[in-house]
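What follows is a pair of complexes built around chain A, which joins chain B in one and chain C in the other.
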Partner chain A sequence: MKQKYMLPLTGVFLLFLLAYAGVEGAGMQWFFGIVVPYAAVLAFLAGFVYRVMGWASSAVPFRIPTTCGQQKSLPWIKQNRIDNPDTTAGVFVRMVLEIFLFRSLFRNTKAAFNRNEKNKLTYSWEIFLWLGALAFHYSFLTVLLRHLRFFLNPVPACIKVVEYFDGIIQVGLPIVMLSGFLLLGAALFLLARRIFDEKVSYISLAADYFPLFLIIGIAVTGIFMRYFTKVDILGVKTFTMGLATFHPVIPEGVGGLFYAHIFMVSILFAYIPVSKLMHMGGIFLSPTRNMANNTRMKRHINPWNYDVDIHTYEQYEDHFRDKMIDAGLPVDKKE
Partner chain B sequence: MSKNAIIAGLAAFVIAALFPIWFNFGGTDAAPEPELSAKAKAAGKCVLDKYDMRANHMSLLDEWRDGVVRDADRKYDAANGKQFQMSLSTGEDSCLGCHEDKEKFCDKCHTYASVDPYCWECHTTPKEINQ
Partner chain C sequence: MSDELKPDELLDKVDHSPASGSWMDTTVQIRPGIFSYAAKPESLETLSAPNPRQWNPLDDDWKLPENWQEIIHNGIKERLEKFRTFKIFMDVCVRCGACADKCHFFLGTGDPLNMPVLRAELLRSVYRNDFTTAGKILSKIPGGEKLGGGRPMTVEVLKQWWYYFFQCTECRRCSVFCPYGIDTAEITIMGRELLNLLGLNIDWIATPVSNCYQTGNHLGIQPHAFKDMLDFFTEDIEEITGVNVEPQFNVKGADILFITPSGDVFADPGTYTCQGYMILFKYLKDKYDLNVTWSTYASEGGNFGFFTSHETMKRLNAKMYAEAKRLGVKWILGGECGHMWRVINQYMDTMNGPADFLEEPVNPITGTKFENAKSTKMVHITEFTADLIKHGKLELDKSRNSNRVMTFHDSCNPARGMGLLDEPRYCIQNVCDNFFEMPENTIREQTFCCGSGAGLNAGENIELRMAGALPRANAVKYVHDKFGVNTLGTICAIDRAALSTLCEYWVPEVEVYGVHELVGNALILPGEKKRETDLRMEPLPGMEDDDE
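Presenting the complex of A and B:
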C-alpha cells in the first residue's frame, strides 16, 4: 500500500464517519444538513469567482496555441482550420469540441518497448483514458441534472426527459438509473488507472486521489440510499426544498447515511475552487486552446510593454565624438 | 480572451448555479400529504408501518409482482398480524381496494418527487375508466 492514496482514502472515510456519527450519535442534523451545505455553496461560488478573476487579470503576453495541424500558409496548402485555427470561428469550434468531446485526451498515446528482440520504442494510440473520462463526466452531469428534481418544484419537463432516458432499461423498482452505476464504474476505472498503471501512479498525488475517493463515496452512498437501505424520498425533498427556498427544515425519519451523502457533496463543492477540479472553469481560459494562431497575420504587442529610453548611434557618436576622433576611430560626422 | 467576455461568462455561470433558488423564489413548497380514504382510515393498519412504507413500498410491490407471477403466491402476512391480498388493484384487500383514490394518494407524492412509476402502464384504476 502506498501512502499517496492511503491518506486521501482515510480522509474520505473520516469525513463519512464524521457526518454519520454526528447525525446518528450527536443529533447534529442542523449542522451537517443546513450550516455545511450553505457554507459549501458560498465557498464554491466565491472561490470559483475568485479563481477565475485571478486568471482573467493575468496578462497573456504571447500567442501560445498548441498547433495540432497545418497552419494557414500558401493558398494551395490545405489548412487544418480547427486544430490550427487562425480565426475566432475556428477557435470557437476547437473549444466546443474540446469541452464536449475532450479531443486532446482522444490523442493520448502510450510509449512502450516492443516485446521482441529489436526492443524498439513505439508509441501507440491509447483510447481508454478518453473513454473513461467521457463516461465519467457525462454520467456525472446526468446525475447532477437528475438531482435537480429535489431542488425544483414543479419539476420541469426537461429533467423528466433526462430521468426517462436514464431509466430506460426499466430494471427493478426503484428503476435502475444507468448514470449512477456508470459514474461509479468510471470513477473506479480512473482510480484503477492511477493505482495500477505504473507511469500514471508515479505522477499521482494525494490531490489526485482525494476527489476520486470523494466522488466514489458520494456515488456509493447515493446508490445505497436508492437501492438498498432506502430513504424517505418525501422527507428528502422537503429538506432540499427547504434549502432552496431558505426555509431550512430537518425532516423526521431521514438517517445518517443521507447526511453523510450531503456532507460529502458539500465537501466536494467547497473543494472545487482550491483544487484541480477548477479545470471546470479553467478549460475556458486555457491559452493553448482559446487563442488563434495568427501571429503571422497580426502584430500582437506585449500588454506590459513600456516606452524604452533608446540611445541611437547618432546620439552615441555625439556623446563620444571627441574621444573617438582622439582614439582614431571612424566617425560618421567629423564635427 | 477579453476580460469582459470572462466576466460575462462568470456571471452567467453564477446565475445558472443558483438556478434552484430563483426558480423556486417566493415559494415554500411543503411536501404534500397523501390523503387517506375513509376506508383506509377505518382499517388503521397497512402492510408496513408509515416510514417503512414510505421508503420501501416500491420494493415490496416488486417482490409481490415476482411472487404472484412466478410462484402464484397471493397472500402476504404483514408484521402486524394482518393478511393482505398481494395485488395492486384487484380485490377489496389490495392496495387500491383500500386506497381508493390514486390521484389523492399515489400521485400526490409521486408528482412532488418526480417519480413516474410504470405500474399504470398495465394497471388501471376503476375511477379512471369511468371518466
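Presenting the complex of A and C:
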C-alpha cells in the first residue's frame, strides 16, 4: 500500500533536488530554464494533438448516450431535455454542465449498510469529491491564467481582472492570491482521499499519486517564492519574456528554487499526454455524454457496418414447414 | 450448494472495506454460486463461434487456442479502432472512485473487484501495458510496469476477466455517476467480445443465442408449440372473461407486427403479461378494427447476442425487420423487455436499417404520430398504451386492481439506455389506484439492477444473483414496510423472472407484475362476462367470498 505513494513522493522530491542542485551546484540554468521548458511544451503540444487525433480516428459505430432522465416521447410527457437530450442544443447544455460544473460528479452518493434488524442500505449525498474537484480545477485554471502575465507584454486586461478577484481579500503584502492556497489545499484534500479513503486507496495506482505530488510541489515552491524568498520578479519576467519571444536569456539573481518550480511545471506538461490527465480532452469526446438520444428518430450510420449471415425465414420455413402446416400456421410454400 | 445460503448469512458477508494489498496481486478464486457454467460446444457451433469444446471453469486447463494471447491482442487493437468509447474509456479514467459504490454487485458482495472502476481496470491494465507509450516504456524497466499500473496478459488475468465480466449485468448505473461518462457496461461488452474470440462464453447465454438463431426464440420453442402456448392462454382468458381473444400468427398485410420476449410466453409470471397483450389486441380489434399479428419466426424480442458480441446481436436482431418486411406490416410494436429495448433504441436501425419498407408509426386509433420512432419504426407498448389511455380509448376498471399496492422497478436498459420512465408509470397509475415510489436514489436513472441481467439469470450462480439483488430488494422492502406495497411492477421479461426470485428470497410478501398484466385485468372487453378472478385466477377484490 504505502509504496504506492512513497515512490511517486520520492520521485517528485528527486526531481526537485535535481533541478535545484543542477542550478545551484552545476550552474545548469540554461538546461533547466531553456532546454527543458521548450522540450516540455513541444512534448505537450505534440502529445496532446496526437492523443486527441487518436481518439478522433476511432469510429463511433453506435449512438449510445447514457440517458439520465425522461426521453422525448409523447407530446404530453415532459422530456428531460438536458439529461436525455434529443437535439444538439440539449447535448451542448449537457456538455457545458459536465465540463464546467462536473454535473455527473455532483450526483455522487455514498452507500452505507447497517447490519441490524432493519438491514438498511442507505445512500447519502456525497458532495466533497465534487467540491474538492471543483476547487482544484478552478484554482488550477486561475493560477494558470495569472501566470500568463509573465509571458505577455503588456498584460491583457482580462488577466488583471482575474488577478483582481483572486486577490480580493487583501491581506498583507504581497497581496495574497487565493488560488494558490486553494490549489494547494484542494490537492492535499484529493491526496488525503487517496490515502485514507479505503476504497479510493485500493483503486489508486502509483501513477495516481504522482501528478498530485507534482502539483503540490509546484504550488509549494510557487508560494515560497512569492511570500517567503521573494524571488526577483523583474528577473523572472525578463526570463519568461525571453522564452515567449524565442530569445531566451538567463537573468542574474534568480535562484535554484525558481528553476525547480519551472522544472516541475515542465514535467507536468510533458506528463499530461502520456497519462490520465488527458481526461481534459477525453471528456469532450465521450460518446455516452456528447451524443443525442435520437437514434429512433434519425438513423445513425456505422462506418464499418458489414453484412452478416442470418437464419432467413425461408430456411426457417423449410425446416418447420410440415409442423407449421399441421398447426394451421400460414406458410409461403405449400409443399 | 450455495442456494442454501440464507438471507441472513448473505447479509453477514456484506463488507464494503477492501482488504489491504494490491488488487493486481490477487489471484482469482472461481467460486461455485458465483459463476455460470461454460457454454456447450453445440451451442457455439450453431453460429460458427470460435473454439467450441467441452470445458470447465473450475479446471486449470481452459483448452485455449495455442495463440490465444495474439488473438486477444489483435482483438483489443481492432476494437480500439472500431469503438471510440472503448479507446477513450481505456484512457481517461482518473480513478476518482465516484463509481465504486454504485454497482449492485459491489454493494451485495463486497468484492472490491466488483467496483466498476476495478472491473474496467482488469482490462485497462493490459491495455496500458501493451498499447500505451508510457506502459511500453515502463515495462522495460524492472518493476516499472507496476508504477504505471500495467500487467502482461496471462492466463491468470484471462480468468479474472472471465469471472468478473460475467459478474456485470451491463446495467450502466456506474456510468451515470462518472464525470466522464465512462460506461463500464461498454467495457464489459468489449471484454465479453474478446472472451468469445476464445470460446469463453457461458451456457446461459450461448444456448439461448443458438436457439434463437435457429428456432426463432431463446427457449427453442418450435412454431407449433409457440402457437399451442398462446392457444392455451386463449382458453384461460375465455374462462375468465368469456371472450375468445385468439391471436393471429404470421399474417401478411396486418397493420402491426408485435414482438415480445419469449419469456412472456413461457415463464410465469410473464405469461400473465402476455395475456394482457392478448386482451389489449382483442379489444383494439373489436373496437377499432386494428390488426395485430404475432410471428413465430421473429418470436423473440430479447437478444442474448447483445451479451455475446455486436455481430451476434446483429445476426439475431435482423429477424425483426426481415419479418416485418415479409409480412408487409406498417410498423412494429415491441413488448415489455429491458435489453431488447436498448438494442432497438440504440442499435437496431444502425445495424439492420434503414427500415424504409415500413411507415412512420402512427397510432391509427388516436392519430398520434410517434415522432420519436420515426426512423426505427418500432414503438414501445407502454408508449402505445399510454397514448390510448390519454385519448380515452380504453375502457378501464381500476377497481379490479385495487388489491394491488404498487411500486415500479425501472429496468436498467429502458432507464439508462432509452429514458422510458414516465410512460409505464402513466399506464400503471391509470389501471391501479395505489402507487408508491421507491426512494429517489433507487429509481429512474439511478435504478438498481435486478442482479440477473445480461445473461446472468442462471440457476447455478444464485448466490451472485441474490447478492446483486440486495440493493433493489432493500428498496422494495422499504416501501413494503412503509406503505404496505405488495406488488412490484416492471416492464422487463428478465425482471419478471428475476425479481420474482429476488422477492421470494428477500421480500416474500411482494409479487411481481408486468404492466400489461394490470392493463389486462382492468380492460373491459366488449361483451365480457362479469369477471370473478384476475388473470392469475385469484379472486378479484370484493369477490373473495364468492370463492367456494
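Throughout what follows, the second predicted complex is superposed on the first by the 299 of 335 C-alpha atoms of A that agree within 3 Å, B and C clash if a C-alpha of one lies under 4 Å from a C-alpha of the other, contacts with A are read in each partner's own complex, and residues count from 1 in each chain.
As a working rule, contacts are C-beta pairs under 8 Å (C-beta built on N, C-alpha and C of every residue); 3 or more make two chains touch, one makes a residue touch a chain.
This structure is a prediction, so every number in the text was calculated from the model and none was measured.
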By the touch definition at the top of the document, which applies to A:199: first (chain B), second (chain C), both, or neither? second
Please indicate which partner A:151 is in contact with in the superposed arrangement: first for chain B, second for chain C, both, or neither. first
What is the contact status of A:285 with respect to chain B (first) and chain C (second): first, second, both, or neither? both
Once the structures are superposed on A, label A:304 by its partner contacts, choosing first (chain B), second (chain C), both or neither. second
Name the contact category of A:109: first (chain B only), second (chain C only), both, or neither. second
For A:334, using the defined touch cut-off, is the partner it touches chain B, chain C, both, or neither? Pick first, second, both or neither. neither
Who contacts more of chain A, chain B or chain C? C
Take the contacts of chain A with chain B and those with chain C, and give the residues found in both. 55-57, 285
Name, in rising order, each residue of chain A that touches chain C in their complex. 1, 4, 7, 51, 54-64, 66-78, 80, 83-84, 86, 98, 102, 104-105, 107-111, 113, 115, 119-121, 123, 129, 133, 193, 197-200, 202-208, 274-276, 278-279, 282-283, 285-289, 293-302, 304-305, 308-313, 316-317, 319-320, 323-324, 326-330
Provide the residue numbers of chain B that touch chain A in the complex, in ascending order. 1, 3, 6-7, 9-10, 13-14, 17-21, 23-25, 27-31, 51, 54-56, 58-59, 61-62, 109, 111-118
Can you check the complex and tell me which residues of chain C touch chain A? 11-12, 14, 16-18, 20-23, 80-88, 91-98, 100-102, 107, 112, 115, 117-118, 121, 132-134, 146-149, 172, 175-183, 186, 213-214, 216, 222-224, 227-228, 249-252, 296-297, 310-311, 314-315, 318-319, 322-323, 326, 344-347, 349-351, 353-354, 368, 370-376, 378, 383, 386-387, 390, 415-423, 426, 439, 441-442, 444-446, 470-471, 474-475, 478
Flag every residue of chain A that touches chain B in the complex, lowest number first. 44-45, 48-49, 52-53, 55-57, 148-149, 151-155, 159-160, 163-164, 170, 172-175, 230-235, 237-238, 241, 244-247, 252-253, 281, 284-285, 290
